[in-house]
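These notes are about the structure you will find just below.
To keep things simple, chains are lettered A, B, C and D as they appear, and every chain counts its residues starting from 1.
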Amino acid sequence: MADKIGIYVCHCGSNIAGTIDVEEVARWAGKNIGDVVVSKDYKFLCSSLGQQMIEDDIRSEGLTGVVVGACSPHLHEKTFRNACKRAGLNPFLCQMTNLREHVSWVNSDKAAGTKKAKALIFAAAERVKRQKPLEPMEVEVNPATLVVGGGIAGLQATLELADAGYLVYLVEREPSIGGHMAQFDKTFPTLDCSACILTPKMSEVGQHENVTMFTYSELEEVSGSVGNFKVKIRKKARYVDYDKCTGCGICTEKCPRKVIDDVFEAGMGYRKAIYSPFPQAVPRIPVIDAENCTWFTRGKCRVCSKVCPTDAVDYDQKDEIVELNVGNIIMATGWKLFDCKRIPQYGFGRLANVYTNMEFERLCNAAGPTSGKIVMRDGKTEPKSVAIVHCVGSRDVNSNPYCSGVCCMAALKFGHLVLEKTKAEVYSFYIDMRTPMKDYEEFYQRLLEEGMHFVRGKVAEVTDAARKPDEKGKLIVQVEDTLLGKQRRIPVDMVILMGGLEPQADAKELGLKCGISCSMAGWYTERHPKLDPVATMTDGVFVAGVCQGPKDIPAAVAQGAAAAARVAGMIAKGTVTIEPIVASIDEEGCSGCRICNNLCPFNAIEYDEEKKVSRVITALCKGCGTCVAACPAGVITGAHFNNEQIFAEIDGILWDAKPQAEVEIASV
Amino acid sequence: MSNENFDPKIVGFFCNWCSYRAADLAGSARIKYPLNVRIIRVMCSGRVDPTFVLKALADGADGVMIAGCHPGECHYINQNYKAMRRYEMLKHTLTAMGVEPERVRLVWASAAEGRQLAEAIDKLVSDVRRLGPLHWPRNWDENGERQKALDDIVKEHEEAMEVPA
Amino acid sequence: MAAHIAEKKGTFLEEVIEATPGGERLVHCIQCGSCGGSCPSGAEMQYTPRTLIAMIGANDRDAVLAANTMWACVSCYFCTSRCPQNIPITDIIYTLKRMSIAEKRYHDTDAPALAKTFTDFVDRYGRSFEFGLATGYHLLKRPISMMKMGPMGLQMFTRGRMALRPTKIRQIEQLQAIINKAKELSAK
Amino acid sequence: MKYAYYPGCSLERNAAAYDHSVREVADLLGIRLQEIDDWNCCGATEYFSRNELAACAVIARNLALVEPQTDQLVAPCAACYLNLIKTDKLMVDHPEFGKEVNQCLAAGGLKYEPGRVTVRHMLDVIVDDIGETAVRDKVVRPLAGLRVAPYYGCQVVRPISNNDNPEYPMKMDHLLKWLGAEVVDYPVKAHCCGGHMTQISEPQAFELIRRLLQNAQDYVADMIVCMCPMCQLNLDGYQSRVNGFFGTEFKLPIMYFTQMLGIAFGIDPQKLGFGKEIVTAMPVLEAKLGGQPV
């Protein structure tokens, strides 16, 4: 083959040229690397003039491959690929090598930098000679979208898309949409009533012509790929006919079985065995909790069935699997509360008047079990002093190392509510007060004015072991007041633990179903932490809300809307381009050993039972290349990263290490 | 021999998502570290075929660094675990062939761990410097024995890979 | 050595880290006060462990080694087990004790004397010796409290809980050789 | 089951009751204890205050003396237990340091391979290895009606995990329940007894002792059951002095958990070292267990 390679070495002002002799590198490459017909250095290759130069060379010299030695391909690979494309060269015949981040910026020795730059250029040149033109594939995008999770982030995404005229399927695990926000009393820093701002959105979703809700349902299975996913939804048996039920609520009223509600009421209140979690639930169709229903457990009762005016109760209902076709998926699966019992020194579960933040949300909620009265567990006594403990299960390597982000503000909100509703003294025990968003610091200032006490120190323990008479019968919060440098013991009546946010217990499992991964902490991994925060590594799957990382309501809403915008963009365009970096199997050589089948986490390799060979489903392949490396017969090829290309790259990168080369180096 | 002036050549196979970006970050943060590791980008540490490593050593590298995302953070879900498994086998093979397994190292670096990556590179370079040059190419006979031995090793690996995943 | 690994600046922080296995966690301290809040002797301490860590960071070597914090420590390990940054605080306290003893910076405490009496017994007999410890150390340091100890000591005797003579291990020379080697190595 | 046994200095005299009851109970439960020949003192907390390498070398001598046939070593004293396990862990986690310790041992002709010996506390052996069924099977005289406050102290549960909660351990609670006792769930069960502070600053030590006795009394315990000779000495031996210092009237017997196992198993109290405690346990045992328990 008669390759004609062009080599371009960027100065990047003095960023590269400062510690690499770029002129020498270009001169040397032109002389020493085979098939090189052009070798130039240039001040700023990414400038329009620089790109133009490459384009001109491609046309005039008939270049068959281009090597750009500049910055990270993560920054400018697209730029130079497009330049090649404009000049009629397949973009995959352009290879970038990173002289800036990997050489000039990490080193100050010019000779060493120049030497390494030569090796990198050599490797890229050897590689580009073996690169093949690749064409991206186009697939059509199904305009329907699946949203998983009916919390505020999922609701926002749903409404944005539905309002834009696109079909949305919304899946929610609980009997009603609304999520955690429905449990809150007030929202910081404005102190809006949570229900007042949430319930209109809920009913809008419930009534929207473009939305199909699946409540009390779970995502069962995902197959297919961007543009054309097939999903299975498990509609759990509600034992109430969705179409017949009018939501009148007589069944709940008459149900004789009371159960502690540890989901919506966080264990603070009761519900019936047939129930809707809260009055404004959407849909208003109740569910029967079979584990506690007297009919299901003892074969007696049937009161709900008897009182139902529309004969909607159906004890024989079974789980149902619904299959849907969607083009995109938005995961908005939310979070769960840290289990405060994991820190026994704070006494939750052992000391009656130690509360979690979710318990306290219900306690001060006007629709909660005490109608919003702040009283202790005895149900009547108002506390005279309340301690709010920050960072419970956050910022601690023994539980979760990350900051949950919302607890400082929620603690301030609690402080305000206690001061407003009682005469209690309120103490906040914080490590660092974090109030970084709009009007948050102002809210902190407001609480300072309202007389909340702030003690800087992580609480060591909450105990009922009194040492002095004034501690008798109290909960004692033991802490170092780090601003005084002194240990303090503060007796109080009530303690609120600000439990942190944790990923859902099944987040990982659910993520695997649609091919997205989790961080160490268990949050879904976005494609780029700054510049691509709602997309994921799997095309067509987006994330929104706390499932991607701790955030407050405004941020969750913004992310929901952002995910919807990304999906709307895909739908509006109508087609999607799939990267051609995928694996393929040469069926002739495949022995049918099936080793590769199990290696693929995306189930992109199928086995043809008849032909006894494996085959790559191109649309599902993400191009990681693990199967390529594992194939014992060596018949799997990874496009753009095949063995020949990588071997050539190794050859080039070690050009000065081979025994025969040492002689040459001496003479260079 | 004295290793003070020995400037080891190390080939790095870095995954596109975490470790290559960690190296980018080390650069953006102007963290200084030795230039001995020359990086080849692959999409995933799972792509690193043991033969790449053996070829690099046979071509004159004194060491190899394989870098991937942290376990549990792989952009391809869990392919780095496969890299980990291969790496364990590879170390046995290297030992059998008389190559100090310390020359080949698997490291995890998230895109945020530029400093940690620089430290790992620093450590590997100083360890390889301590071990001295490998001189593998010159240790092979030139009469075809070299190719045969390499083929044998590759074959052995292929057999090892047949352990069901 | 690469330039990015901070050149040794000879700070006290580096010195403490060097002298404590796992001490490198010290740089992660967020000054939360878990240690100071948890310490059963917190009230006795002139500086809480958290303050001491801040002082180490501020290179306040003299004040740290003269502090009474280490001598109030009862080795309950609450600070270590509760530290949200996994800093081996109790071990760091031991490091500071050793430094303070080696440089005789301590004052107003008998803890170093107790430690010396105790380890001397181990060096000589291979076993500790409560009676000897009680008499030797107390006669040396606090004769008055020795008198208060009287009735209690008597009760211990009558119940056979206190020996008058120390037990000596058989291979005391072997132990001494080991100890001498350790002292020789750590002197370097 | 065979275990190497490291009694530690306290168990020779001051805590002979612990030693005797450990051996008696072990015998009955089929735990074969083989005392390390010519073991030496673990150096308590004191050696670590002076010289870390020497401290570890002194401790490692005992690890090196564990016979090659066994890899399980039992220590009943919390301080000895922690020193042994901590030294082994230091040697494993910091190989360079481990080499230095071995250099010291070599001066005495010994060698210890880090990680070879698993150090266990007696409580863990009984609860984890012997287990509920075997313990319950042996109970002939249930401790019904006796309100016992299990006291764990510090160094077994912290800082190295023994698979119990370092803040709120439960193993001894379970064990005492198996014996039929009424277990007091009180918050300070893993707080500090003052350790060596009785020798250095009595006011400080007495305050720590008072907190424990006060809390156990507030929770109406008949006695405190402990698992460390230092805890026993401080709470029992100093109890009258604490009373004198604060004007309190504590009268809480402090017993070893193995002694309580022993009487529940019907072993002769004499053999278990009953009567060696300073605050006598006899009256409460007689009152609560009825008739003549001992």
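Keep in mind that, in the parts below, contacts are C-beta pairs under 8 Å (C-beta built on N, C-alpha and C of every residue); 3 or more make two chains touch, one makes a residue touch a chain.
On a predicted model such as this, the values are computed, not experimentally measured, just so you know.
Participant: Across the interfaces A-D and A-C, which one involves more C-beta pairs in contact?
Facilitator: If we tally the contacting C-beta pairs, A-C comes out ahead.
Participant: Among all chains, which one's averaged Cα position is nearest the averaged Cα position of every protein chain shown?
Facilitator: That would be A.
Participant: How far is the middle of chain B from the middle of chain C, if each middle is the mean of its Cα atoms, in Å?
Facilitator: 45
Participant: Report, in whole Å, the distance between the mean C-alpha point of chain A and the mean C-alpha point of chain C.
Facilitator: 47
Participant: Give the residues of chain D touching no fewer than two other chains, as numbers and ranges.
Facilitator: Only 167, 211 qualify.
Participant: Please output the residue numbers of chain A that touch at least 2 other chains, ranges allowed.
Facilitator: Within chain A, the residues that touch at least two other chains are 345.
Participant: Mark out which residues of chain C touch at least two other chains, giving numbers and ranges.
Facilitator: 78, 82
Participant: Per the contact definition, I'd like the list of chain C residues that touch chain D in the complex.
Facilitator: It is residues 21-22, 40-41, 44, 71-72, 74-78, 80-82, 88, 90, 94-95, 97-98, 101, 109-112, 114-116, 118-119, 121-122, 126-130, 133, 137-138, 145, 148, 151-152, 155-156, 159-163, 167, 169-171, 174-175, 177-183, 185-186 of chain C that touch chain D.
Participant: Touching residues of chain B toward chain A in the complex: what are they?
Facilitator: Checking each residue of chain B against chain A gives 9, 11, 17, 20-21, 23-28, 30-33, 35, 38-44, 46-52, 55-56, 59-61, 70, 72-79, 82-83, 86, 111-112, 118, 137-138, 158-159, 161-162, 164-165.
Participant: Using the touch definition up top, name the residues of chain A that touch chain C in the complex.
Facilitator: 345, 391, 395-398, 431-432, 456-461, 478-482, 485-487
Participant: Residues of chain A touching chain B in their complex?
Facilitator: Touch list, chain A to chain B: 72-74, 98, 100-103, 105-109, 112-113, 115-116, 119-120, 123, 512, 515, 517-520, 525, 529, 537, 581, 593, 595, 598-599, 601-602, 622-626, 628-630, 632, 638, 641, 643, 646-647, 649-651, 653-654, 656-659, 661.
Participant: Per the contact definition, I'd like the list of chain D residues that touch chain A in the complex.
Facilitator: 165, 167-168, 185-188, 211, 214-215, 218
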